[in-house]
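In the two complexes below, subunit A is the common chain; its partner is subunit B in one and subunit C in the other.
For the complex of A and B:
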C-alpha cells in the first residue's frame, strides 16, 4: 500500500549520471537475469498460475466429488446475482469494512495526537497500542472470544455488578457482526496510530506556531495546517483498512464460524473458503473469489488514486 | 495541558485490558479465572503452562518445531530470493523488467482465500501437499513481491560505482551481489525478516489448509485446535497462546533495533 506510492519517488531517485553509462553494468535480460529466476518461479507457481486457475475454474462446475467437470460459461456469476448467502456475505463484509475503516482511523488519529510527545511515557504507550499488530489474528480472536462469550470474562463482570442478563455479544445474531468489527478495530488501531504519528512528526512546528500567532484557534490549526499534511497517512490507513476488511477471514473462522444463526457473520473470504473446502464446489467458489478479487483490486487502484489526487491538491 | 498524561495513560490502560486479562489468568487455577478474572494471581500457579508443555498429544511441542522450521526456512529463502530479484529489477533497464515489476505489484493485493484452492492443486502436482516444504514454497511465492519491493528501494541507495569497482577488479556478477551488494542491504534484510517472520509465524489459513488436519500444524493453528478441546478453560488456552506468541515476540524485539540503523554510510565518499 505504501509501496504502490513508490513509483513517483523512483523516477526522481534514479541517479542522472548512470544513464550516460552504457551497457555493462546496466544489464538487460542477459545472464544477470538468472538472479531474477528463483523468486519469479516461486511467484509464478504459487500466485500467477493459481490466479489463472481461479479465473478458469470460475467458468466451470468443478467439484472433485461430483464429476464430470463441464464448462458452464458465466453461469456461476449469474447464480451469484440471485444467491442470498452471497448477498449477505457481501453486506456483512461491507459493514465490517466500513466500521473498521471509520473507527480505527478516527481512534488512531485521536490517540496519535494524544501520544505525539517524545517523553518515555508516550513511547511506552505507543508500544502498548502497537502490540496487537504483532499478534496473530487467531490469538486476538481467542482473547476476545474468552472476553465476549456468553459466560465469558465481560459477562461475569457485568453479572458481578448486578446486570443479570448481559447481552450475548457473540451469540446474538443482531450483535455478533458488530463484535467482530470491534475486535478487528482493536487489532488495527495500533497500525493507524503509528502511521498517524509518523505523519504528525512530519508537520513542521513553525507552521503551527505561525498559525497560532496569526490568531488561529486549535481547531482551525488542526483543520487547516495539521490535517492537510496528514493526507498521505490517511491514504495508507484507509487503503490498508479497506483491504483488511475485505479479506476478513481468521476472526470469523475462530470466533463464530459464520454464525450465530444463518450466516450472520459470514464474510466474502469466509464464504469463498467454505464453498471450496467444505462444500467442495470449487467452480462456484472461484466465481466468488473472482468477485472478491475484483473488489479488492478496485479499492487498491481507484481508491488509492483518488486519495493520492487529494494529497496533491491540498 | 496537564490532563494529557492522565488521559493518555487511562486510554492506554483500557486498551491494554484484554492483554492484561491474558497475562494474569495464565497464572491462576481455573476456578479463580471465572470467579475473579481481573484480579492479580496470588498465589501464582504454573500449572497452566506446564499443562501445555506436557500435553499427551504434544500439540504445542510439535507445533512449535514446525513453526520454527517453516518460519526460519521461509524467511531465509525469501530474504535471499527477493534480494536477488530486487537487485536485478532495480538495475535492469529492459522493458521486461518493468512488466515483471508490475506483475509483482499486483501480487501484493491478492488475498490468500482467492488462490487457496488452486494452490492445493499446484502442490499436489509436485506431491507437496501436507508437507512443510510445500508450505515453505507457498510462503516464498506469496510473499516474494513484498520482499522485492523493500529491497528495490534499498538497492537504489547502493552506489553503482561500488558494483563497477568490484567488477573492474574481476569479481563475477554473482560475487558482486553476494560480497558487495547483499552486505550493504542489511537494514533491508532486517526489515524483510521482521515483517515476513511475524506474518508467516502468525499465518492461519495457509498452514491450516496446506498442512491439513492429520500431519501436525504450526503453533498458530495449534491455538485454534486447542480452543475446541479446552472449551472454557481460559487459563489453559491463554497459556497455550502465550507460549505460542513468545518466540515471535522475542524475535521481533531482538531484530527491531537493526531496523533503524543506517545503510551505506561511508561506503563512498561524497
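For the complex of A and C:
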C-alpha cells in the first residue's frame, strides 16, 4: 500500500512550482524573511547581543578601573545570595510592583467606569487622565518632588490646616518607598483607564440590558457580565504594570537617589546602574541584571499564562 | 530558505562582531582641516555655575588656544563623575573633563598626567597626586565645611559670638532649639545625597584627621578601620546632633538648591556647607546677615578641612592630548576665568600670584579669612569624602557614605553600625 502510494505522491509533489520557487512547503517565507531581516538584525544587535554580553560579563570580575578582567565563574551569583542589599532591592521592587499593580488597576477601572459616557466633557476628562502617561518620568518626578518635599506643596497645605509636624514623605525611611509607589501609580493610572475604557466599550450593551431585565442588580451585572468581559484588558494592564514596577529607576534616581539612608528605596534596576557606574563593578552588576531579567521574565510568563487561561475560561 | 537564514545570521554576527569588538583609536594629533581640532569638554551645571558661565569661560580659553574648538557636553545632574563613567563605559570618554574625580580613571590609564613644567604656576602642584603623577589641575581650594550662620537668629537666641569649641557649638544648638529654631540646616534629597555630608566632614577633620592627617591613606593600607574609636567618635557626634533634634531629618528630602533656600528662608540657624556657598550668599543676599566660622574641635584648636584640586582633566585618548592639555591649562589659569569662578562659586584659586577681585562680598571675605588663618597656623587638613589622589576613598564609597549619613540622621544606624557599614562597603569597593 505504502509502495503504491509513494510514486503518486512524488508525481504530485514535483511539479513545476518547486523549480520556480524554492521553499514550496512554506511558499514565500524566504521573501518574508528578507523583509524581516532588518528588524531581526536590529533586534539581535540591540537586544540579543547586549543580553549575551551581560551574561558573559556576569561571569567575570569586570571593572574598567581595575584591570585585568578575570573569569570568575558563578562567584558573582553566589555573592548575590548573601548580598543583603540585593535582598532589600528585590523586596523594594516587589513592594512597589505590588502596590502599583493593585492600585492602578483598581483606580483605573473605577475611573474608566465613571468616564464611560459619550459626552464631550468625559472625552476631555479621558485626555486629562491620560496626560501623566505621555509625560516623561523625570518631569513627573520633579513635579512630585516639589509636592512631597518637606517644604513642598503638600506639607505647606497640611501646616496650613494646623498639622505642625506633617510626615516626611520623602525623608522618612518608613514612608519614602510608598511615596515612590504612589507617584508611579499616579503615572500609570491613565494607561489603565484607557485600556479599561476600550474594554468597557467592547461589552455588548444587550448583555447588560438582558441581565437587568432578568433582575440582576448593578453589582451583579458588573460581577457576572462586565468584569468577565474585561479579562483581556486586565491581562494587558497587569503585565504592563508588572514590567513598569520591575524596571522602576527614573523616579528613584530623581526623587530619592535610593535614600533616605542606604537601600531604603533602592530597586533592582537602580542597584544595577549604581553598581555598574558608581562602584564600577560591571561584572557584579551584570549578574544583578541577569537575575533581574530572569525574575521579570519568569513572573511575566507565569502571570500572563494565568490571566490568559482566565480569559479563555471566562 | 536555509540559505537566507544563514545569510541573515552571518550578517548579524558580522555586524555585531564589528560593533562589539571595535576599539576606538585616538585620531591623529594634527589639527583637522581648517587648522582646528574639535575637542569635547564635559561640564556640569549648578545654580552657581550655569550655562552662561561655562560658555563664557570656554570662549576665553578658546581665544588663547585658537587651534581648538570646544564641543560642550553637560552632565544630566551634578554627579559628573558617575556620568563620566557611563560615557567611558560606552567608549565615549570626553577629551577634556571638568571637576571629575580622577580616582579609578587615572589608575586605569584613562587620563593624561600633567608634567612639572605644566604645573609650575600652581601653588600646590602635587595636590591630588596619584602614584606621584597629577592628573587633575589643582586650580582651586575649597574649605569644606564652613559653618555659615544666620546672625539674626543667633542674636534672637542671645548668642553673641560664634562657638570656638565643640561644647560651645552644642550649647548654642541647645539655646537655638529651646528658642524654637532648628540649629542646623542639612539637606541631601533627590540626586543630591552628597549635601548631607558636611557635618561629618567637619567631625572627621577635628576628631580623626587632626590626629592622623593621612588616615585615609592608612585605611587603604589596612592600618586603620572605620570602626576604630576615633572615627566612631566622629560619627557619634552626628548621631547625637540628630538625636538631640539639632538636625531636622525632614531636611533630607531637600535637594541642594532647596537646602540653600531653606537656610535663606530662616528655617535653620547654621548651614554647614562648602565654601562655594559664600559668593551665592553675597550675590543674592538674604534678609539677614550671614557669618562664618570653621567647624570647632573639642579643645578649640583650629582645624580647617580643605580640598585643593578639582580642576580640569584630559583624557589619555583625547583627539590631541597636547592640545587638550594646553587648552585645559588656558582654561584653569586664565585670570578672568578664575575671577568668574571666584564670583560664581566662591572658589579660592590656587594659582601663583592670583588675587581675587577687590569687590568681593563679606561672606566670601570671611570664608577666605578662615582659609588664610588655617594656612597661617598650619591647621589645614583633608576634607573627608572630598579627597582626590592616593588618599581618596575608593570609587563609589563617597556616595555610600552620604547614604549612610542619612541613616545616622534618621536613626536607622548608630555610629558603630555606620562605621561597620563603611568598612563593609570599603571591602566591596576594593574587591
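For this structure, a couple of remarks:
By definition in this document, the second predicted complex is superposed on the first by the 272 of 314 C-alpha atoms of A that agree within 3 Å, B and C clash if a C-alpha of one lies under 4 Å from a C-alpha of the other, contacts with A are read in each partner's own complex, and residues count from 1 in each chain.
By our rule, contacts are C-beta pairs under 8 Å (C-beta built on N, C-alpha and C of every residue); 3 or more make two chains touch, one makes a residue touch a chain.
Because the structure is a prediction, the values reported are computed rather than measured.
Once the two complexes are overlaid on the shared chain, A:129 sits against subunit B while remaining clear of subunit C.
Once the two complexes are overlaid on the shared chain, A:282 sits against subunit B and subunit C alike. Residue contacts after overlaying the shared chain place A:157 against subunit B, while subunit C stays out of touching range.
Within the superposed three-chain model, A:33 lies in touch with subunit B and with subunit C [touch as defined at top]. More residues of subunit A lie in contact with B than with the other chain of the pair subunit B and subunit C.
When the two structures are aligned on the shared chain, A:49 is found in touch with subunit B and with subunit C. Of the two partner chains placed by the overlay, only subunit B lies in contact with A:292; subunit C stays clear of it. Judged by the touch definition given at the top, the superposed model places A:253 against both subunit B and subunit C. After overlaying the two complexes on the shared chain, residue contacts for A:189 are found with subunit B alone; subunit C is out of touch. Contact with subunit B, but none with subunit C, is seen for A:300 once the two complexes are overlaid on the shared chain.
Once both structures are placed on chain A, subunit A residues 26, 29, 33, 40, 44-45, 49, 53, 145, 149, 151, 253-254, 276-277, 282 are touched by subunit B and, in the other complex, by subunit C. Interface residues of subunit A facing subunit B in the complex, by the touch rule stated above, are 1, 3-4, 6, 10, 13-15, 18, 21, 24-29, 31-33, 35-36, 38-40, 42-51, 53-54, 57, 111, 114-115, 117, 121-122, 125, 128-129, 131-132, 134-139, 142-147, 149, 151, 153, 156-157, 186, 189, 243, 246-247, 249-250, 253-254, 269, 272-273, 276-277, 282, 285-286, 289-290, 292-293, 296-297, 300.
Interface residues of subunit C facing subunit A in the complex, by the touch rule stated above, are 1, 4-5, 8, 11-12, 15-16, 19-20, 82, 85-86, 88-89, 104-105, 107-108, 188-193, 248-255, 258, 261-262, 265, 267, 395-396, 399-400, 403-404, 406-407, 410, 412-413, 421, 428-429, 431. Taken in their complex, subunit B has these residues touching subunit A: 4-5, 7-9, 11-12, 15-16, 18-19, 21-22, 34, 37-38, 81-82, 84-85, 87-89, 91-94, 96-97, 100, 103-119, 121-122, 137-138, 140-142, 144-150, 153, 156, 160, 163-164, 167, 173, 177, 198, 201-205, 209, 220-221, 223-224, 227, 232, 234, 237-238, 241, 244-245, 248-249, 252.
Subunit A meets subunit C in the complex at residues 22-23, 26, 29-30, 33-34, 37, 40-41, 44-45, 49, 53, 61, 64-67, 145, 148-152, 168-173, 253-264, 274, 276-282.
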